[in-house]
Each structure stands twice: as C-alpha cells, then as structure tokens.
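Two complexes come next, and they have one chain in common, chain A, joined by chain B in the first and chain C in the second.
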Partner chain A sequence: MAHTELSATPSSLAAPKPARRPARAIAILSIVALIAIGCFMLIGASANWAFILPFRAGKLWALILVGYCVAVSTVLFQTVTANRILTPSIMGFDALYILIQTIIVFFFSSQALSGADPRLQFLLEVATMAAFAGVLFQWLFMSGNRSLHLLVLVGIVCGVFFRSLAGLMQRMLDPNEFLVLQDTFFASFNSTDRTLLGVSTVIVIAASLVGLKMMPYFDVLTLGRPAAVSLGVPYKATVATILVIVAVLVSVSTALVGPITFFGLLVVSLAHAIAGESKHRYILPISILLGVICLVGGQTILERLFAFNTALSIIIEFVGGIVFIFLVLRGSMR
Partner chain B sequence: MIEISGVSKAYGEAVVVDDVSVTLPRGGIVSIIGPNGAGKSTLLSMIARLIPMSTGSIVVDGLDITKTPSNELAQRLSILRQDNHLAARLTVHDLVSFGRFPYSKGRLTPEDIRLINEAIAHLDLQPFAHRFLDELSGGQRQRAFVAMVLCQGTDFVLFDEPLNNLDVRHATGMMKILKHAAEDLGRTVVVVLHDINYASAYSDRIIAMKDGKIHQQGTPEEIIRADILEDIYCTAFEIHEIGGKRIVTYYQ
Partner chain C sequence: MRYLVLGALCLLGLGVLSLFIGVSDVSITSLLTLGADGRPAQVLLASRIPRTLAVMLAGASMAIAGLVMQMIVRNRFVEPSTIGTVESASLGFLVVTILAPDWPVTGKMLVAAVFALAGTALFLRILRLVPLRDPLLVPLIGIMLGGVIGAVTTFFAYRFNLLASLLAWTMGDFSGILRGRYEMLWIGFVGMVLAWIAADRFTVAGLGQNLTTSLGLNYNAVVSLGLIIVSVVTACVVVTVGMVPFLGLIVPNVVSLIMGDNMRRSVPWVAIGGACFVLACDIFGRVVRAPYEIPISIVVGVVGSGIFLYLLLRRPYGAH
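Right, the complex of A and B next:
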C-alpha cells in the first residue's frame, strides 16, 4: 500500500493512548456529589434532627431524581439525533407535557382529578406524553437528514405552539382549576411535589432498565443514521424506544420541578468538555453526576449560604442559555 | 450476488430511480457512473437499505433486504457514504472498532481486536490509532472510515463517491485501497464515481446510469467509448489509449 502519510509529526507518532481521564473525572465528581449531598443534608441542621433530616431527604431525593432525568434524557436525545445542540427541552418536550396536563384538567376538570389519586393522574399524563412525543418526534427525526437550524426552528415553533395552546386552554379554565394547575408549572426546586416522588422513582427505574438493555446501541447511534443502519442497528425500533424513554424522563422531571429549558444542555456540554470523548459509559455517569452536583450544590449554596429561595432555576437558565448561544454560534461557524 | 429487480424510487412526482434491474456478481470492482441526478447514490443507498424502495426488490446472497434482520445484513453488506460528519468525539481505534459491532455488539473478543488492528494497519493508520478524528486531516479521516467499513468483514462493500474532496494523491490512494480490498481481501466493491478515468482504470465492470435508468453496462472497454459517454453526459468526449487503459478527455 503506497499510501503513507508523510506529514506525520513526531508528536503524533507518540500519540498518547487516551488517558484514564474520564474514569478519573467520574471518581472526582462522585466525591464532589457526595460532599454536596452531605452539605445539603447537614449544614444548619442544628436543631430537631428528627424533623429536618427526613424533610431534607425528600427534597434531596427529588433533586437527585431531576438531575438524573434531565441528564439522561438529554444525553439519549442527543444520541438519537446525532447532534450536540438540541435537547428535549429546546425541542419543546416539556412544553408538550404542560399542554397534556392542561388538556387533562381541561377535559376532566380538576374536581374529577382531585378526587382521583394524583399518582394515577400522573401515570396517565406520562403515558400520554410518551405516546405523543414518540409519534411526533419520530416523524421529525426519522424522515432523513434535516438541517440542524431547521430543527432548532421547528423546536422553537413547537414549544411556542404547545405553550400558547396550553395558555389558551388555561384562560378558558375555571379560575380555581387554573390555580391548581398553575401551581405545577413554575420551575421551583423548593416546592417539589412530594406525593409523586415514589411513583416517579418507580417510573424512572423502569425506564432506566429498558434503556440499559439498549446500552450497546447508544455509541453506534452517535455515528448517525446511515452508519448505524449499516452496522446492523434495528434503527426504527431502537430510536422509537429511546424517544419514549426520553419522553418519560422529561415528564418526571417536569412534573417534579416544572420546565427547565437549558439545564440539560448545560450539564451535557460540560460533561463532553470534561470527558473529552463521547463514549456513553463515560458521558452518562459524568452527566448524571454533574446534574446532581449542580442541583444539590446550587440549592445548598443558595438556600443555606445566601438564604435565597427561588433563584436556582433562574441562574441555571441564565448560564445554560449562554452555553446554548455559544454552541449555536460555534456550530454555524463549522 | 446482489440481485436488483424492478427497483424504483419516487419522491412524489419525481422519479429518481426508474425500474432498474441488474445483477451484481461477486468479486471485483463495479463502478457506477453517470451525470448528476442520474440516481446513482439513490440506488446505492437503497441497496444498503438506507432509504426504502418505492417498488421492486433487492436480494443480497438470497436474502431479501426488506425482510432480513438488519444485523444479519450488516454481516454481508456495508456502505460508506460521502458525508461523514460526526457529532461524537472518537479516536481512530474507537471508530474502526465499530466495524465489529454486528458481531460483538460492543463486547470485543480477542479475534475482533486482531481484525481491528489489522484494518488499521492495512490503511496505514497506526500512527494515528489513538488520535481523535477531529485532529486528523480530511484524507486521514476518510481512511479511518474506510478501515471501519473493511473491518466489518462484509463480502459486499459499497462506497458513495469516496473521492469527493480528495486531492490527486489521496484519490489515487483511495482507489488503490479499493483495489486491494477487491483483489487481496476478496471483497466485492461497488463504488459510485464521478471521475470517469478512475472508473476506467480501476473497474472490472462499469454501470452507466442516466435519468434513473441503467443506460449501459459492461467492461471498461465496452463502456468507455465516445459514443456511449456522449450519449450519457451530453458532452463531447475524446478517448485515448494510454498504457493499456482508456483515458477520456472532455475539456473542449
């Protein structure tokens, strides 16, 4: 083979094997996450441990669950769409969830629902969401190559459409029912919905187990559809299942704390920067740990040190939004 | 053997591939040439099940591609397309390892690792094996993708315009790699080419397409003729015999 590369520089000949950098990152982040959790639980908990610890543990579990859901759903979504800029929230997944919640209250009235078990209502919402998101986003992503800019645009239009439709229906609601509904819509890490914690945990574990079985396909899917098909991935079934998992995870996180648009993007972009490579066995744990650290650590700092209460989502959205703009600009320059 | 019978592809009113029937026998290099919009890449993508056919059937080694599990086809047929933009950050070694995915599902056996290293060596990629793809030149990156496709160990290897954006040296290098795959590794290479002279110099068989149909097919001697090429490309051709190969010029 007469095809040698003459331009090989000495440094490239001594190319180092990719170091244990991702593994080390996971270890360090795990320690940081544990410290954040410890601080969250213990700082300022001088009096009445019996009350404070269970109270904080519930809140902590909600934060961890949300961090996990947002991180995993964003990573998987970026995997099936083979891009690094779009996230479920940017494509309007959580707006869709809010629309579904509104529709259910609209047609069944909150009275009928408040009589029913809220967990049952939640399951109904998650199932509807999974079905809708599955169909809608499959249609969007399966029909061949679409430009990233078109997809961003479609996502923004979808998000606005879902939000305005939900807004319209909310205006037509009985004011009392609206109040009940509105409660669930604001991103807040303080007023997480405790009644849903148990059922959320079960749903998340179930979705994760399904996802775990598909783990071998994740890395191949990042090569994009043509290569994945050529390598024998049953593409349609795999992508459909993953999109349903994403929809379920987004539903859980939206139900617990409300919509947070840029958090997933922030966490996963950071994870890629830290890991330096794209294998899922590194990116997934790093993203999850970062999600937990951001939420638990951020909440600890704001709540305990600054005695602020609602600012975490604003800060996350602010930083995440900047990261998004940066990524879009860099992407369009390439 | 790939048997293509009555295959068409239409997007609404526009028929891109029009009732194509052809059999691609095992062995050698088969080039598909033709003007832009002749349906070459579409036909190739349909063979590789990347886009569905509107009508017709394609059978690879007796397996109907619409009914056979994707993984089984992935052990017989692979494709490399021209746009290989990656969202993922991978090393050359990682990328080539994906070629073994149909067999090992991500858990590489010692045999897989041997084949991966062999493919990397075949394409002279050892110096870059642990470098990330975004740190390589276009030609090196292209070779890494070829290594992945060859590592897949399929009898049929399809290439969609592999010479795009390559300079003369890299283009010739690429054609030599395809020839090596066909002659030394015993693969059947099907390649869409725009450069008629490369097709003439390297192919065992040429399929000429025009307007979604197969216009002519045969050996380079049968196809590389002024009257046939002028018919296909609507351009004046001159044919020269140089070193036993037919070289065409079409610049005047």
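Right, the complex of A and C next:
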C-alpha cells in the first residue's frame, strides 16, 4: 500500500522517549483497570448485594468485551491498511452492521424472528457481516492505488449511505413492527443486550485465537504491502482473514452497545503515545487495557459521580473528533 | 436557454404532480365539484401548495448555497453539511430554544444564522491556518468539525432533556409544512437571487485573494457576502425543514459534469436541479410507503451519498 505518508513513522502524540518501558506501562495500566473494575462493582452498592453484584457483573462484562473488541479491531485494521487514521468505525463498519441487521429483519418478518433464538439471529448477522465487509473492503483497499484521504472520505460517505439505507428500510417496515424492533437497533452502554453476552464471548475468543496464530505477521504488515510481500507474508490471505476478524469484532461491539465512531481512534492513538513503540506485542495489550479503562472508568465516573447515563458516548465522540482533526492536520503539515 | 425552459417545465410538472399526491383525496374533479370552500380546496391551499413551494425553495436554495461555498473555498466537495454549517445552525437553534423558548421563529432563525456564520468562519480559519495540499482533506476536516459541533449539541440537548426534539427537528422532513410554517424559506429565495446577481464576483473570489484584489474587487467583502448568504439559507432550511445531507454537494457537481464550470450559466441550472431533485425525492418518499411518509433526509441521504460515492470513486483522484 502506497499511502503511508501520514503514519508509518513510530512517533506519536508525545515525543518518543527511549527510556519509557512499554512493559511498565502495561503493568500500571493493568492496575488502573483493576481499580476501575473494582470501583464499578462496589461504589454505591450499599445494600442488596445479591442483586447488585450479578447485575453489575453482566454490565461490566459487556463493557470489557466492547473495549476489547474496539481496541483489537482498530489496531488490526490500522495494521492492514498501514496507517494510523483509518478505523473500522470511521470506514462505516458499524453502520454496515446496522444495515445488515435491518436487511435481515426486512426479509424475515419480525414474527419469524421473534420465534427464533436471538442468538441464532446474531450468528447469522455476524456471518453476513464478515462476508460482506470482507469483500467490500478488500475491493476498496486492494484495487488500485487510492489515496488515504480518499479512502477516509469514501468511508464516511459509505457510513452515511449505509445508515440512510438502513433508515429507509426501517421505515418501509410496518410501523408497528418497527416499534417492536427499535430496541434492537439502538443499544447504549446502559441497556446492553444480556442474551448475547455468552455467544459474543465465544465468538470473540474464537476470533482472537485465529488472530493469535497470525501474530508474527502483524508487525511486518505495518511496513506496507511491498515490504510485507518481500519478507514472505502470504499477503492476500492474511489481509482477508484479518478483515474478517475485524468485521466479526465490530459486529459484536455494535450489537452490544451500538455504534461509537471515534472510540477506537482515541484508544489506539493514546496507546501509541503511551507505548512509544509500535510493536503489536505492546500496542495490542495497551490498547485493550485503555479501552477497558475508558469504558469502565468513564462509565463509573459518569454514572456514580455525575448521574449522567448516556453521556459517555457523546463525550467520546467529542474528544475523538478533535483528536481526529488534530491527527489529520498534523499528518498533512508534515 | 431553450433547455432551461424545458427544465423549468419539468419542475412545474413535478410541482403539479406533488399537489395531487397525499393521503387526503385531492383531484381536479373533486376540486371542481366541491368548490372553493370544500375540503379538497382547503387541503390544497393549507397543505399541498405550501409543501410543494417549501420543497422547491429549500432544494433550490440549499443547492445554490453549496455552489457558493464551492466557489469561495475552490473545492468541489464542500457544502453546508460537509463544513459544519448545518451543525452550527442546529446548535444555535438549540441554544435559543433553551435560553429563550418564547422568541418568534424568525428570531430563532437569526440566532441559528449567526451560529452558522460563526461555525463556517471557524472552518475557513482552520483552512487558512493549515494549508491543505490535498483537496479531499477539506471536506474531511469539515465533516469532523461538524461531528464535534454535533456532539456539543447532543450533549446540551441531553442535559436539558431535549434529545427527542433535537432528533425530531434535525431529521429533514416536509410532512409538518403547513401554510404559515414555511414562509421563512422565502428569505432563502432572496439569498439565492443575491447569489445569482453576485455570481461573477464569487467566481473571481475563487481565484484567490491577490488576484481578486488586483482585479479591483474587495475580496473580504465578497467572501463575507457569500458566507452570509450560505449561513442564512442554511439556518432557514434547518429551522423549517431540518437537515438534508449532501444536497448542496451533488446538485452543483452533477450540473458541472454536464455543463462545465461557468457559474453564471450554471446558477439557474443548479437552482432548478436542486428543486427538481428534492421534489422528486419528496414525491418518492410520499408514494413508496403510502399512507406513511419517509422523511426527505433519508431519501436524499440514500440517493445523495450514493451519488457522492460515485463522484469520489469516478476517477483515481476525484477532486480535480
């Protein structure tokens, strides 16, 4: 891939200091993550432990899963596209997932679906998403030499296109059916879908195992296509597999909490700044930990201290948008 | 010129068609048999004619606003919804709704216009600070700026329990248009006429500050006029109709694909094209799921982003 001009250097938000030890960062972040989890579980849980703890544990598990999925999918996507600005959600992956959900509801009416197991429906959605996103984005990235900015713009417009198309199809449904289904389309951090937690966990573990086998290739892929090919990476197969993994992870996180455009960008940019290194061995765990800390810690602070409930995604969008503008401008000034 | 008449006739035809489409039965026979006081005539006067006019005015003026912006910034991919103007206008509308809910709509529109102006000026300021070599970066930065402003708007709407109404009024929709609730769009029409008169100046201003000054024009005055037109038009449309994505982008681009880039010649085409396009989308939205309606922002969103994608991917570097 020729468009590495924005990103391929390992410098990050702060000037890289050789003395910084990514391993130490991982240790510190793990402790912070544990504290955040502890606070999330315990603060304000004065009475009725038997009810509160399992209730919060389910929510916590959903947040951790989402943090994991967003972090890993963003890192892998940036690896495949060899840049630091594109993320799956900026490229419209989660809008595509919502569109696929809608299409499935559209073609099998809600009666047929309400009888079926929601987990089965979820699996069907994830499979469709993986196939579709794999083909679409392989075409977008692999055909010809497109500039990075063009790809981002295409991704954003694709997102609008998918969302509008999903909106159109939702309106084409019977209004009563639409009301019944509205819950499944709009999830939030507060009302995560419990029934899908188990099957999501299984899917995420499976996808991670597949990804783990390709771990040695990741660092090489960051060098861009020519270098990766000449170093002996089976390029096409690897990229296709990684795109499928990314699609699966995005499906899980979107199904659990709905779309959050800039979260991945935020977490991974921060991870690069903290690590001062771009080896996946460090970036992946740091991103995951940061994702968990941001979601669990942010939700704890907003929910317990300020009694805000849905504001976390809004704050993420705000900060993430500014970070994105900053990254793009800095890249173009260089 | 002959083609222009043909285009105007096409618009007229769509307009007449729009008058007779809807849930309530309005047809020529029912109009004639029931007379001027009958229900069909009242529906026609109170709802159908205002709606059709509103659709035409909003479509034409948003398309012209996009054209003016493209001239000033010299970039094909800018328009009010890709540079943060629309989001700023709705932030202004939200702020005035929170602070002064009793103000008349015109006052709210003016506040929205001031916010839109500020947001657009902020965008131009960023462009001037950071010289961008890649034309695709301009809309990219603009869309992100719009996203950030949108997040601020959502946050305040959330804090003041206005999230549902924010969603309702930003979703572009003509179904609420009745007599007495669309007239502000005529202000947009005035802006459109001004843009037509000043078309040559915008073309010159697009050549850059130095060249404009040496040709004897006051660059800042021309750019300010353009920004004011764009902001006022956007504010009128956002306050009365809501957001209609990418409208100002695709219509001028399609016109320039067909006719080339002479602005004075293309202004009437862009206006007629915008009106026809939105009218066709509105009629589609009313017919396809009758008796329910599909909001215009969804129909235009699908068609508009489809065309936008085509424009982007048409050539390896679609911006030139």
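Please note the rule applied: the second predicted complex is superposed on the first by the 308 of 334 C-alpha atoms of A that agree within 3 Å, B and C clash if a C-alpha of one lies under 4 Å from a C-alpha of the other, contacts with A are read in each partner's own complex, and residues count from 1 in each chain.
Methods note: a residue touches a chain if its C-beta (ideal position, glycine included) is under 8 Å from a C-beta of that chain, and two chains touch if they have at least 3 such contacts.
Quick caveat: nothing in here was measured; it's all calculated off a predicted structure.
When the shared chain is aligned, chain B comes close enough to touch A:Gly224, but chain C does not. By the document's definition of touching, neither partner reaches A:Asn176: not chain B, not chain C. After overlaying the two complexes on the shared chain, residue contacts for A:Ser278 are found with chain B alone; chain C is out of touch. In the superposition on chain A, A:Thr195 contacts neither chain B nor chain C.
When the two complexes are superposed on chain A, the residues of chain A that touch both chain B and chain C are 144. By the touch criterion stated above, chain A contacts chain C in their complex at residues 144-147, 149-150, 152-154, 156-158, 160-161, 163-165, 167-168, 171-172, 175, 261-262, 310-311, 314-315, 317-318, 321-322, 324-325, 328-329, 332-333.
Chain C contributes residues 77, 126, 130, 132-134, 136-137, 139-141, 143-145, 147-148, 150-152, 154-155, 158, 245-246, 288-289, 292, 294-295, 297-299, 301-302, 305-306, 308-309, 312-313, 316-318 to its touches with chain A in the complex.
On the side of chain B, the complex with chain A involves touching residues 45, 48-51, 69-75, 77-79, 81, 84-91, 94, 98-99, 101-102, 105-107, 122-124, 127-132, 137, 139-140, 143, 149, 152, 173, 176-177, 180. If you check the complex, the residues on chain A that touch chain B are 1-5, 7-8, 12-13, 15-18, 78, 82-84, 144, 215-216, 219-220, 222-227, 229-235, 272, 276-279.
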